[in-house]
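What follows is a structure written as structure tokens; I'll ask about it next.
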């Protein structure tokens, strides 16, 4: 017999094994739900599959009586817009701060401890101040994501910039580059795919902040809906929403990975990392 | 003077009319009438909405009588209770798991939103059976999680409000309502609070808001199904669910009822209790030397507490105008 | 006047004396090869020529002027590794050299200038034998091809001096021989001044027109950093000798 | 003039520059606070420095009237215990799951997609289920941290394990190692310092979950206190608590870094990463 | 019977034929050096000897039995890089070899066994010249010392065959010469069977008792993977010839 570490499953086996835990969880859920419902048909914690179907039908396929829109579609597009905008702003800020931080010793000396301290501040704890500064509108939700995510991105990018081999920067100088043109032509292009990687890693955090922000002040959005129906413990709505959020997160991650490969064919990091 | 105003509201049975008024253009209709603009901003986090009001982000905000005293008033923001729209008449309650009377709460952990009206209700309930807060342990629990929390084995007692309250009572045979706000009618009041200074400079704001409010009230009194359905949906439930919540809410559909309540002598007595409770729990502000530190003014001109530090004013001016049809 | 004038030059890092009392002149068109034991300061010397480090004491002149104290366009460099930009194609790498040189604000060229640069780039790539790989990324190139590219990149800007720090150290012997031919060819054709550090004595004899051997002459076992390295040999290598003779001599010495 | 990128500040300049942003923020705060207090002396949003001093005195130095304990000390120790326990359990779980995941192809085939999906589920959204499973006590708070942090750690460790050079694993096999002894003697020791690194990176997330957990149901803890006093907008308590949390996070990060260097002298990663 | 018997062996990766119809025997005590152009399948061949890869077709026997199809203790290996465990000291690295071999459950030895292992470890470290660095971590060692350690680690378990994949490729020439002396010495003293891949023709002549040259004999430009490499030369290298003669011949060929 070969060592366990040397045994490799065939493609079919791998697929089957990969699906297995999902199936197990599924079966487990159905059994647990049936048991609870047998005891109390009104139990809301683990609704039956048919309740999910109804809830999805109600939320996704029937226009709201109040506004005539599909709640689910509205929620999704509102949340994705906030998330997208928040992450985009964070990424741009991270470039604007992270590159000088990693590249210019004077900037590093000045900002590095401050950014490190800032990244440790739990944004949830200073919400009142954040809302005063950013208001209660869309801006506030996006701002919470930005405040939560930017320090992480900045620190990662700073690290990545300072990892660019000194040889390359010296070489660029001998070719006549100034600090500015070196940033433009050497640092920025090399750091871009790393930014994509960092964004992928911090996306989970961004979702957490988005959901928190929507729970505090919003009138639509995936997090808002979950928060709204949570008081009634409407798990028939919450669980499909959670599944949907998970799926969206998965897709965004996948798309970012693919675009990294597409946009930066020279960058193998994206491949290695998965 | 300005002509654009923002008022924050939160999802709660007694405040859902504001959403309807906004959605259906009733607010803007009334605002137009007085030549101003009013935006009602929905904030999910109730406390955050009051904090923002206290910090000056909003001109008005919905809140309970107790929170009006402990947050804006204690922060030095002179506030006026413009409309007292309803009081809780069973909307807040104490639940015991597998126990049937209030006195059995002794020694239990009670899950509730600390320092909120639930806390106050519990204190009143304990008082009613000769216990005090020392006889229980309060566990601060976020209101959105109450229903889920109830299913957990550690939770044996709870104080909460609707819709969580009825949600728990209907779905759990073990849940017994041992005390509720119908035992202390008129002590938990849901109101619209407006910054006093803004109000003084802009009586139009008060007129428009009061007008809009009582327009919706008249619809509700008629039992307008469309209006009620919309309110139900916005609060995440259905018509039946919303109606059952209304049943335990003493809504003042008529301006005259609201006026009567505002002018009653019970109000100052209630506020005295609330003030004492708040002082005991250290939420009147750290500088407060006693429960009378913050002054409260009532419609008849009486003042409770420090006359030089009046920060909360219960007024009946505009409700009276509504009652007299002068809006 | 010499291209590079060095007189009584010292280099210390704190207490650590790396180079001691160096004196030498390098003329235009020379091909100096630098050898010496590991850690004796060859790279440090090159760094000073590059402007990355400054001497602690002594005269250090380029064309009679004080050396610019940071890397500049007069001095091209080829390192052992990381010498090309992996986010650019072969062509892009050479273009970058010209764009950084000529465009001070955007680092990019347009129009006629760009067309000219393109012509120059293809020409130099042809010269280093990368004519058929212009659109490849460095990761698709072998180590030898990457070093060719790095050389092309440096040469296209016509530096006064070309500095090489063990440029072929990571290459296989077969490929190394090709590179030797290439660099000798370029040196003669462009009349370059070259300073090259190497670990390989063969290489230094084969390539150089002048061999500089760095070594510590005095050694204090208790304080190994007390004394720095000096130039122990400074051998002009005539063209008269045949390569084979040099090689045999070297090997004989090495094998002993 | 040298290029900006080549200019290095002296030690003194670097120190001064590093302190500068903190000073600026400080001055900014004082001015903003003074302005607000001039308008409304009872304003609670941006309290004066003396209010901070009073609040700290009250919370940290005066025993509570109700329990006779120092609130601040109680809160800190409760939170640190939860955090420590949560992170410890996460780390152990991550080792137990991450190593097989990275090391045994069959396990990877079976669990990798599942763990990836799991790491995308926002824990806040499925709180009701968590309450049922873990109850409402200490366990629930620790569990929330574990659930939030473990998938991140697992994915990182899996990655790290699969980055161990194949050469080393082959070498170990030629030396007579079995899958088990190779895990024990090669994989585990090499992965330990990486685990420390990962823990440092995920600590921010752990804090977020801790604070959220304490906001949901608790009777003490830093997050509890912040959410409680938010009910009367006592920023004079909240801001010192936030500063304290930031400081604690800083210290934990620092201690972890130092212990990595101490425990794993052969591991330079820790140094490079900062 | 030969130690290794190979008959009509093919190795393909999908459509890519790497090795074609290999036939050879390796006897106990031989020092085979493998050379050939890059990508011709030298490493693949070594991987098969190691058990990391299996031949597609053909006979492949070790001591008359089918080759174990995963790495095992009979076959020691030294790679070009990553060959030592950087979390262990020099001493710990060698101990690990014996502990993995003898302790099947904990991977650790105790008591008398440990004492014995300790003695053996110090002995072999002395033999490879690391006697004075036992407590250092690999990161504190030079490349050459790391390779010495890797060799010691493999030898201490007394493998039947020692496999080396360009073990000195990353070392400087001077250090490489030392390593040559070391490996020849160990080979003779322990009567090892060695198979070593190298890029360096000098090295292969200097070290080996038998030289195997791999190369593709047929080449289809349109389908470069259509044909695999074969053994084009299989030269026994007598001890009678002096090193210098071999060397000169090689250089003459190389320099041509």
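In order of appearance the chains are A, B, C, D and E, and numbering begins at 1 in each one.
The rule is short, and it goes like this: a contact is a pair of C-beta atoms (placed from the backbone, for glycine too) under 8 Å apart; a residue touches a chain by one contact, two chains touch by 3 or more.
Just so we're clear, the structure is a prediction, and the values are computed from it rather than from any experiment.
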Counting one step for each move to a touching chain, how far apart are chain B and chain E? 2
Based on which chains touch which, give the shortest step count from chain A to chain C. 1
Taking each chain's centre as the mean of its C-alpha atoms, give the chain farthest from chain E. B
Comparing A-B with C-D, the one with more C-beta contacts is A-B
Separation of mean Cα positions, chain E and chain D [Å, integer]: 47
On a C-alpha centroid basis, what's the spacing between chain A and chain D, in Å? 18
Please report how many Å separate the Cα centroid of chain C from that of chain E, as a whole number. 35
Can you tell me which residues of chain C touch two or more of the remaining chains? 70
Would you give the residues of chain D that are in contact with at least 2 other chains, written as numbers and ranges? 3, 45, 127-128, 132, 173, 178, 182, 215, 230, 233
Give the residues of chain B that touch two or more other chains, as numbers and ranges in rising order. 51, 55, 145, 147-148, 151
In the complex, the residues of chain E that touch chain A are 69-70
Which bits of chain D are touching chain A when the two form their complex? 3-5, 7-9, 13-14, 17-18, 20-22, 45-46, 103-106, 109-114, 116-117, 119-122, 124-129, 132, 152, 159, 169, 173, 178-179, 182, 204-205, 207-208, 211-212, 215, 223, 226, 230, 233, 235, 238-239, 241-242, 245-246, 249-250, 253, 273
Chain E touches which residues of chain A in the complex? 2-3, 6
Hey, which residues of chain D end up touching chain E in the complex? 165, 167-168, 170-178, 180-182, 184-186, 189-190, 264-268
Chain D residues within the chain B interface of the complex: 40-45, 54-55, 58, 127-128, 131-132, 135-137, 140, 215-219, 224, 227-228, 230-234, 236
